[in-house]
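Chain naming follows the written order as A, B and C, and within any one chain the residues start at number 1.
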Amino acid sequence: MAITTPGRGRIAWRRNRSLIGGLLPAASLLSLFFVAPAIWAIYTSFTNRALVGLDARHPRHVGWANYERLLHSPAFKTVLTNSLVFVIGSAVIGQFLLGLALALLLDHGDHRGYRATPFVYGSVLLAWVNPTIIAGFLWVAMFDFYYGSLNKTLGFVGLDGVSWLGKAPMLSLIIVNTWRGAAFVMIIFQGALRTIPSQIYEAARMDGASAWQRFWDHTLPNLRQVAAVVLLSVTISTFGAFLLILTLTNGGPGTRTEVIALYAYHAAFQSRQIGYGSAIAAVMLGLNLIFAAIYLRVSRPRI
Amino acid sequence: MAEIQFEHVVKQFTRQATPAVDDLSFTVNDGELLILLGPSGCGKTTALRMIAGLEEPDAGDIRIDGQSVVGVEPKERDIALVFQQYALYPHLSARDNLLYPLKVQKISKQERQQRIDQTAELLKIGHLLDRKPGQLSGGEQQRVALGRAIVRQPRVFLMDEPLSNLDAKLRTHMRTEIKTLQQQLGATMAFVTHDQAEAMTMADRIAVMNSGRLQQLATPDEMYRFPANLFVAEFLGSPPMNTLPVHRQNGHLAVPGGWSVPAPAHSPMPESLVLGIRPEAIEVVPSGTPGASPASVIVSEPLGSEVIVNVTLGETMVRVRTAPDIRPRPGELIHLRPHPDGIRLFDKETGAYVGA
Amino acid sequence: MSAIAEERPRAPSRPATSEAAHVHQRIVKRRRQEQGTRLEWAVVHMLYLIIVLFFFAPFLWLLSAAFDGDAVAYIRWPAHPTFANFVYIFRHFHIGRALANSLFISTATMLLSVVLVSLAAYSLSRLAFGLKSGVTYGVLVLQTMPLSATMIPVYGLARDLHLRNTYLGLILVHSAIEMPFLIWLMKGFFDTIPRYLEEAAWLDGRSKLRAWWEVVLPVARPGLIVIAGFAFLNAWSEVLMVIILVDDPGKSTIPLAFYQTFRSNGGYNEVNYGLVAAVGVIYVLPVITLFFSLRKMMVRGLMSTSRGL
């Protein structure tokens, strides 16, 4: 049997066939879970299906009605704004910057041989590794107005307590999401920092650059590529944020923290209008597809 | 340009058992190309980095132009270092790489441009300046790295095995180029390598190091002909010097296998000796020639302009350099005679040279 | 017998003690520069302290509340240290059953995932170029799809297919969620395994499948362990899909139990932080122990995904 490089000749084609066979089981599961639901959502979004009531038994085809309703709904505008604010605050500013700062700080501490460094690293990771609703729960307690740790500490130093989830819900959510997500950014940047050869810094030192100049001229530019990809990555994942917000504020007070995922959930399961909810979900999937395309273009993954 | 002095420098890294550099003392003269030669781990790179200021000695002094530079930041020392892997800034173009040290040192724009033009001309890299290091070949990157050093017009150039990552042909070409450059600029240069051929062809003087200690400091010629100890003798030369055990026999030194040479007159002589002789100092002679001994051929290596014959003399393997038409076959017996001027004697215990 | 030319450095007159002391001083100063001043040490460690407090404090609270009979919302040494909370939840919230379900589902998911992922990732890694990029992009796109969007149609589909409240449904869903990421990770790993291993086996007459099983997989073992770890962790932690798919208490899992306990006891109504925290500890413990024991491998796996870019 000849050894051929893949992609050439009949033997290669036969080999491809069995490889495709290897892909089939996973592919069918993924179709069942990703593709089929997407199709289901799109189909249902064109109906007025509901979970209970008349429309549950005999859903009607309503064309674009759900989408029109969505476009003209003032609630949706609020929802979009909230989502935007949350993503920018939590992903772009919070997770990205904090993650970068942590990576730089810990890398520096590592170079200096500070033995506390792995512990700090571990505690940041701890926040990330834990399930989302645990994080929600922990911070509900932290934010509690009368007995939460935050307000207690403020009281300790003589300041008034803040009604975190009441008066500053978006800020609170951003804090918690940053707390959770910074670790991912930190890990990626740490990986990138380690790929910069130390000889570059030595060369810069020989050329006369001070520590600050070395950082500005050599560390940061080499992080730029990774930064773009990481930023997109956290943006995409924050866009779909749901559980955290559900546990902390459930979209409230009122609709002040209602992001798009919650809007869909409430429409489908609280108002029981799964047709309308599907339309929102379809919009989310569409937006996500656009983000994914940009992400693929920017990241140029190795095939 | 300046001269560099090492005085009893010691450096030990915390996680190692022995010092990397142990009581090292030598001088690099103004305008000289001194090569630090030795096997991996001998301390030559550490010594170089101490001149650069990237490492500091634990004891001893390092002076440039008479002034101690210990504790002085690299940028204050006015020294340029060319790294083994070039360490070009990957995100900057070649031109920006050359510009960087000048910008950092706040040299005027005019002056910058002038220096870059000169350097580009000198190294023939003008057409490469707009490319990034990733788009350059190994040899081109190396010239840009050289350029980055030259552009600074430092008083001393340091090179850490800059040619090791190039293919053989390019390497030999660059050896001549760098040597010519050094002479043109009249630069004081300390060059580290583990390649003895490189050292022999390029150096004004060579400093051979082993295990952190200086073995010998001399011109290539001097060192090749009169190595100070066994280590130097076996390190230089390709193929290296042959070493044979000898024992005394009434005023003569006899090599098991046949040769007998007169013992040198002066005393004291150490108890056990080793005889060294270079491959080219052994003659292939017809059988029966006085002073010759038979040796059994293992294999001949024809190299075009000469032949290296590997033989067994007594119990030792010896390599002989002969004219290209002499091609004995494995198993054949040939007769070898040592040339008296080529005999070197070393103390078996310490390795030191004791006479000829 | 000629003289050996060995040069001695032109030694100046013996350096005066004060000069040697100067040199020594400068060495010390330089060394301190290298290792950072004490001020720097202090600043960095203060930052460290703030960071650890920020990231770790909530977990301290979790522990303090779980073991406290009179748990409160702020961090303190338990006023009434006890295991009573745990006993209570096992007895009244059927945590035992949820635990069993979670273990079963997580283990099954892990096994299913490892098989499917390794098969698919290997195939993808060895696939011919044209097809390979398309499928890889597909996998990457799937990876970005938000669960919060797919949960609605998954609910609908599961209801129509009668997969709600079934172990099969749960296992399939849990496996599917993490699959794109795991395939991508494992593919990267297979890419680093040279092809000549399987090619040698093919030359020996093995079928592709056997070659893969006998030769490639053993080499890929560290990667498979990482995959198994991630799969288990994610299945264990998964709550969104469970909320959607399960309303039969017999099929409840730990995450769901936690969510329900939280909603009825710690969320907005009565505040019994102790009970919720206790369930929380059970929820969180396997995650932490598993992750931190496999941490190095997993983080390296994660870092390698960034290097592939």
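Everything that follows uses one rule, which is that a residue touches a chain if its C-beta (ideal position, glycine included) is under 8 Å from a C-beta of that chain, and two chains touch if they have at least 3 such contacts.
Everything numeric in this text was worked out from a predicted model, so none of it was measured.
Chemist: Using each chain's Cα centroid, which is most distant from the centroid of subunit C?
Modeler: Farthest by centroid: B.
Chemist: Comparing chain centres built from Cα atoms against the global Cα centre, which chain wins on proximity?
Modeler: C
Chemist: If I count C-beta pairs in contact for every pair of chains, which pair wins?
Modeler: Among the chain pairs, A-C has the highest number of C-beta contacts.
Chemist: For subunit A and subunit C, what's the span in angstrom between their mean Cα positions?
Modeler: Taking the mean C-alpha position of each chain, the two centres sit 16 Å apart.
Chemist: Quick check: how many Å separate the C-alpha centres of subunit A and subunit B?
Modeler: 57
Chemist: List the centre-to-centre spacing of subunit B and subunit C in whole Å, with centres computed as mean CA coordinates.
Modeler: Chain centroid spacing, subunit B to subunit C, equals 51 Å.
Chemist: Mind pulling the subunit A residues that touch 2 or more other chains?
Modeler: none
Chemist: Show which residues of subunit B lie in contact with subunit C when the two form their complex.
Modeler: 5-7, 25-27, 56-58, 61, 68, 70-73, 205, 216-219, 222, 226, 228, 264, 353, 355-356
Chemist: Which residues of subunit C touch subunit B once you look at their complex with the stated criterion?
Modeler: Against subunit B, subunit C makes touches at 1-2, 4-11, 15, 19-20, 22-23, 25-27, 29-31, 34.
Chemist: For a test of understanding, state which residues of subunit A touch subunit B in their complex under the given definition.
Modeler: Those in contact with subunit B are residues 197, 199-200, 202-209, 213, 217-218, 221-222, 224.
Chemist: Sort out for me which residues of subunit A touch subunit C in the complex.
Modeler: Listed in rising order, the residues of subunit A that touch subunit C are 1, 3, 6-7, 12, 15-16, 18-23, 25-27, 29-30, 32-34, 36-38, 40-41, 44, 102, 105, 108-109, 112-114, 116-117, 119-120, 122-127, 129-142, 144, 146-149, 152, 179, 184, 187-188, 190-192, 195, 225-226, 229-230, 236-237, 239-243, 247, 261, 264-265, 268, 274, 277-278, 281, 284-285, 288-289, 291-292, 295-296, 299-303.
Chemist: In their shared complex, at which residues does subunit C touch subunit A?
Modeler: Interface residues on subunit C, with respect to subunit A: 35-36, 40-41, 44-45, 47-48, 51-52, 54-59, 61-62, 65, 72-75, 115-117, 119-120, 122-124, 126-133, 135-137, 140-142, 144-157, 172-173, 175-177, 179-180, 183, 188, 191, 199, 202-203, 208-209, 233, 237, 239-240, 255, 258-259, 262, 266-267, 273, 276-277, 280, 283-284, 287-288, 291-292, 295, 299, 302-304, 306-309.
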